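Before anything else, here is the set of structures, which you'll find just below.
Shared between the two complexes below is chain A, which has chain B as its partner in the first and chain C in the second.
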Partner chain A sequence: MKKPTYSIESPAAPLVQRNWWVYVVLTLVCLVNFVPYLWVVMTGFMDGASASSATPAWFFTPSLEAFHYLIVEKGIMKNFFNSVIVSLASTFFSVTIGMFCAYALARYDFTGRDDVSFWVLTNRMMPPVAVLIPIFVTFQTAGLLDTLVGLVILYTAMQLPFVVWMLTGYFRDIPRRYEESAMVDGDTWFAAFRKVTLPLMMPSITATSIFVMILSWNEFAFATFLTSTQAKTMPPAIMAYSIGADIRWNVLGAAVVLITAPLILFVLLLQRQLISGLSQGTVRK
Partner chain B sequence: MADIEINSLVKQFGAFKAVEDVNITVNDGEFVFLLGPSGCGKTTTLRMIAGLEMPSSGRIAIGGRNVTFLRPRYRNVGMVFQDYGLYRHLTVFGNIAYPLEVRRLGRVEIASKVEAVALTMQITEVLQRKPDQLSAGQLQRVAIARMLVRDADVFLMDEPMSHLDAQLRGQMRAELRHIQKSVGVTTIFVTHDQLEAMTMADRIIVMKDGEMLQFATPREIFERPTTEFVATFVGEPQMNVLDARLIRLEGRIVAMTEYFAIPLDADWAERNGLASLIDTAVRVGVRPEHISIRETPDADHRIVAELYSFEPTGAENLYVLQCGSVMVTTRTSTTETAHLSKDEGSSLAARFDPNWIYLFDPETGRTIAQAAGSDVSREEI
Partner chain C sequence: MNMVKLSAVTAAGLSLMLLALPAHAQTEAQKALAGKTVHFLAPSMPQFAALAKFFPEFEEKYGIKVVVDEVPFENYRQKSLVEMQQGTGTYDFFAVDVMWLAEYAAAGFLEPLMPYVKNADLTDADYDIDDFLPRVISGTGVFNDTLYTLPIGAGPVGTTFRADIAEKAGFKLPERFSPEFTTKYMYDAAKKVNNPESNMIGFANIPGRWFWGVTYLPYLFAYQTPETKGDEYVDKDWKITINNERTVASIDYFLSLKEFMPADSANWGIGEATAVYQAGNAFGTWNYQDFVKGFFEDSETQAKVAGKNVHLHTPAGPDGVIDPWFGAWSLGVSKDSKNKEAAWTFMQWVTSKDVQARATQYGAGPSRHSTYKSETLAKYQPWWPGVYDFMLKETNPDERVRVPEWAEISDVMGEEGNRVWIGEIDSKTAAANMEKRMTDAMRKGGYYIPGRSDLPKQQWRDLTYYDRLPSEWN
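Showing the complex of A and B:
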């Protein structure tokens, strides 16, 4: 039989996938997300006059006036380090405590387990403003107003439900076999957890930590009400310094650069961990 | 190396009895199989021996030491899990070395032990790979290597071969049996595959609904099953079991089904006291290989049936016969039945070998009479 010289083609399925529209959509999404941020950053490098002028300009002579005002005159770096301490500490505590809660919820079958996890979830449903006044009074009584310790405790408590929910799912994805086989091999439960489960959980824990840290870093409402001079974090500080009788747009822009720069750096550095952690349980297998 | 003694072991999950009154004595170096359908409590039993599950009551002793409520690490057992339980974040070497590192052995000693066991399991070339880069067969070997590397008293295997394809499983059966016998460590193996159990075991425990039905050698399980369940669970294709009634016909006791009579051996009927069971309902069991077929009926081959389907398997032919609503599977060597018709619907004559007929109680499922051909005296242990 003669070999066919033609190749079989199906008209319905073109050889090259022409999904150019995906790129159009992606470009649009990127523009919508990026242009406002670009504008704010540009404003941060303007002087007071051009920042508040009625005709927006794309080209201007950059000035560090706003940064000088924030860092030297107002000492915003103190607020910056407050934010660093509060978000790092609350992330550490909420992830450490939440990890064990999540492990218990994922692994052990105890009476009221479903109630506990539902209660944890409902904590996230309540708007934080609803408890602002009770918490203010509590902090006043406990002498925690305007202290970093107070904020760390509060943020840890606020982030715990989120951590528990994220990690419970991830723990469920790790078969119990791993720990059991380590225990049969001669490990204690805790050694099995530390040497087998934790390394497998690392991407998920990292992803959760990043989320929690971003949430703590950006928290505004409680920080505004519970701090005044000593423990003020970045978000309320920015508000206080840039918005007075009128809004100083260039100061606001500079402050936005200061508050977002560490986050952007952080996420860029841990991008791979973040993505692999988020996709765990769906892509894997 | 040790023997295992289990007395009246019970495990309850709430109201559900997963394991009920299991009594097992496994001798040192023996290869014992827990066989049963899924959900019969065999894995739970194994997990209780490993210490991953605590019994509700009963006693487990390994090497004379009561370990009933000890934690797994104090039992010195090695285990292979169904999905292998290999650590994704460690290399094959790290996985095999893990139990040794837990015991704080020296680096050199660990390396030499791992090398040795890797050589036995033929996985030396994959030692530096991660588990997700291995094939199912290699994963299986790594899991077994990890169990072999420590000097455990007892090996436990929980359906380790269920993820392998049929060909590999055949190889592994021979290999595992060989390794178990050369290492000589008492091993308990859980499986739902009767072929695995029959081919590899020294003794088999058949379980159903948490209860232990029979604990015997493969041959005894096959030839002298204590219940209808054991008889039909073991053997491929499974034993034919027909509803019948014992009657007296022309002075002889026969089992009368709805459509035909099955003549029984007179001596055997007398020995088993079948005369007292006349006119009672029984279940007649006969294995496919104990039915012979002919083209036309003769003095022996009196049961005329229609061919329902013909299944050649190579060396053997399976003829499924239909007589009324009764289906009977037969198994004969290809050379013997080469001349027979293979067309569905053609008529054939069958004979049930009277030496290999079992009778079961339709209510309790217990065996009333073992086949005459299955003589315990021929049993070699």
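Showing the complex of A and C:
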């Protein structure tokens, strides 16, 4: 018996998207964005000769030559762990401290609040090179050169304005009456903050943390000048090992894999929080 | 046992005994340094990578640990300057480019080395400083008659071409230093094979702003006449002389190579040009002799071009003048080091006859007579022995004038030259601007103060200054 060629749809079923071309466009955009990264990753698995070949080769014999060079010969995993420690610690401190600053700016009226708010933002405008020497001298005097503690302090200070600026807006979006209700029930302001505001803020805090983490992870200029062998992080190490007077493309590719993989993993794990955080405040209640 | 067997056994026994003995007995002072760690700041370049292969051997022999901090070449100068100026003492010795020596030595960043060389407690008995080529050691490390650094390879810049491409096009490239290889010859040869549609450009030039002090200078010098040699930048009274028709002609020639380059090449540096050549997409490019092995002749990483190259000098100009280029990297002990003796122990070991000869296998360049004559060099880098006489008699360590203002002069040249490359100004305007700005730099340096009598000597006018025996320096 021949099967019927029509289908029966419930009136309550969601609308089927007919605009297939949107998907075609989206796929193309994704491809355009993804192919360069794919190519860099592939280059990381090529040997030196294939990587510098004039004709791009999609099919090649994979080689771990570049990874061996970076991990075994150059000991880049030490730089990797330095980066992990510095990024996580500076993200934790800057978000924790910045959260309270942002809360104060969002909730309390005090003289010069707008000035403080603007001053915080201007810290972010300063190009790193303008303060490199003063910071170098400060680090030298304080014995912080080539230490992880030094980098954590610096990155925390560098990222604070960004955290404060981001979170102030998010705090303002949460109605004050939620906390007031808790305080009417007998909570202190801190208990109200912890039990009511903080859970509502989690997506925003997570999104902010991701951005701060990325900024700390990728920081190059200060890491180059303030560290030497003990506290050197990934960005200066990668530059030194893959780009000398010439460029070793497969080493550069392997380095890109090593430096981006943890970030991609981090973002994938927290993807839901990130999207939720980014979209928070876009719809006024 | 017959005589042959007896000889063989004796020889084997002697060989074993020799192997068991250390090459040099250590002094008590050297032994006392065991357990120390020395820190070395170096740019990531092939010749330093070659030296790094010897660190474990040194550590085993002397018990001194060497920690190297590699920094991208682009950041190296700033990083080393900040460390030196602040006197951090983080690094015990630095890699020093010849063009920075005057600046570093004048500022007191480096330790004079001759007291160490002459200290028998710290220097191996067969170190033999007079084995270094006189111009190489004086050109690399001497400032105001004092030795500050030791060379780890010095050489000319040149050009590298694909012999196989030339052959296909029906011509054979000349020998190194052949008078046949002129600026005109180079341009014509590049034009003959230039075919961008088939991914082959005639010449991968390096017009990036920073590089003019390295890549354009060979043409500035080649365009001199025998009469104007020595007056390329300044006259005998230190007045800037660069605004002349020879400079303009040399810029125009440098610019003529733009014809072979892609439209986006204005910022090409060594990395970009070399990558294009390594990929087999250029007939010729610039080279520095110390980079040849690492960049062009490493069959593992440069499979496309290794073994197919001809390494020539930069071309002779219209009047037959060739560039007397002298380039070198060296090692200098930091004035602020807390381990100067340990740093010196490493430096004298790594620049010894034995290590220098062996390092050539991995791409290090020669600085000693013995290294030039070693079989290892002839086997692994056969393009070197051909420049021995040039480095002995022709090269001019003062091509890049040895004054603290050189960095600014070089920068001015690059900025104005690059403006010509991008079409913002013409070569005549560039030469005029260079003269004006270089004059300002020299004025700032106090060269034109009336009655001043302590101006530096222009040693390039009589190069015998650099031909002193190395041991005669302070």
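Just so it is clear, the second predicted complex is superposed on the first by the 255 of 285 C-alpha atoms of A that agree within 3 Å, B and C clash if a C-alpha of one lies under 4 Å from a C-alpha of the other, contacts with A are read in each partner's own complex, and residues count from 1 in each chain.
FYI, a contact is a pair of C-beta atoms (placed from the backbone, for glycine too) under 8 Å apart; a residue touches a chain by one contact, two chains touch by 3 or more.
The shown structure was predicted, so the numbers you read here are calculated from the model rather than taken from an experiment.
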Clash or fit (per the criteria above) of chain B with chain C on chain A: fit
First (chain B), second (chain C), both or neither touched by A:Val196: first
Which partner, chain B or chain C, touches more chain A residues: C
Touching partner for A:Pro175 - first (chain B), second (chain C), both, neither: first
Touched partner set for A:Val25, first chain B, second chain C, both or neither: neither
Contacts of A:Met77 with chain B and chain C, given as first, second, both or neither: neither
Touching partner for A:Ala57 - first (chain B), second (chain C), both, neither: neither
First (chain B), second (chain C), both or neither touched by A:Val184: first
Superposition-derived minimum Cα distance between chain C and chain B (Å): 51
Partner chain A, residues of chain B touching it in the complex: 50-52, 71-73, 75-79, 81-85, 87-89, 98-99, 102-103, 146, 150
Chain C residues touching chain A - in the complex, by the definition given at the top: 39, 41, 43-46, 49, 67, 69-73, 75, 78-79, 82, 86, 88, 90-91, 199, 270-271, 274-275, 278-281, 291, 294-295, 300-304
Chain C partner contacts - residues on chain A that touch it in the complex: 48-49, 52-54, 132-133, 136-137, 140, 145-146, 224-225, 228-229, 232, 236, 239-241, 243-249
Residues of chain A touching chain B in the complex: 175, 177-178, 180-188, 191, 196, 199-200
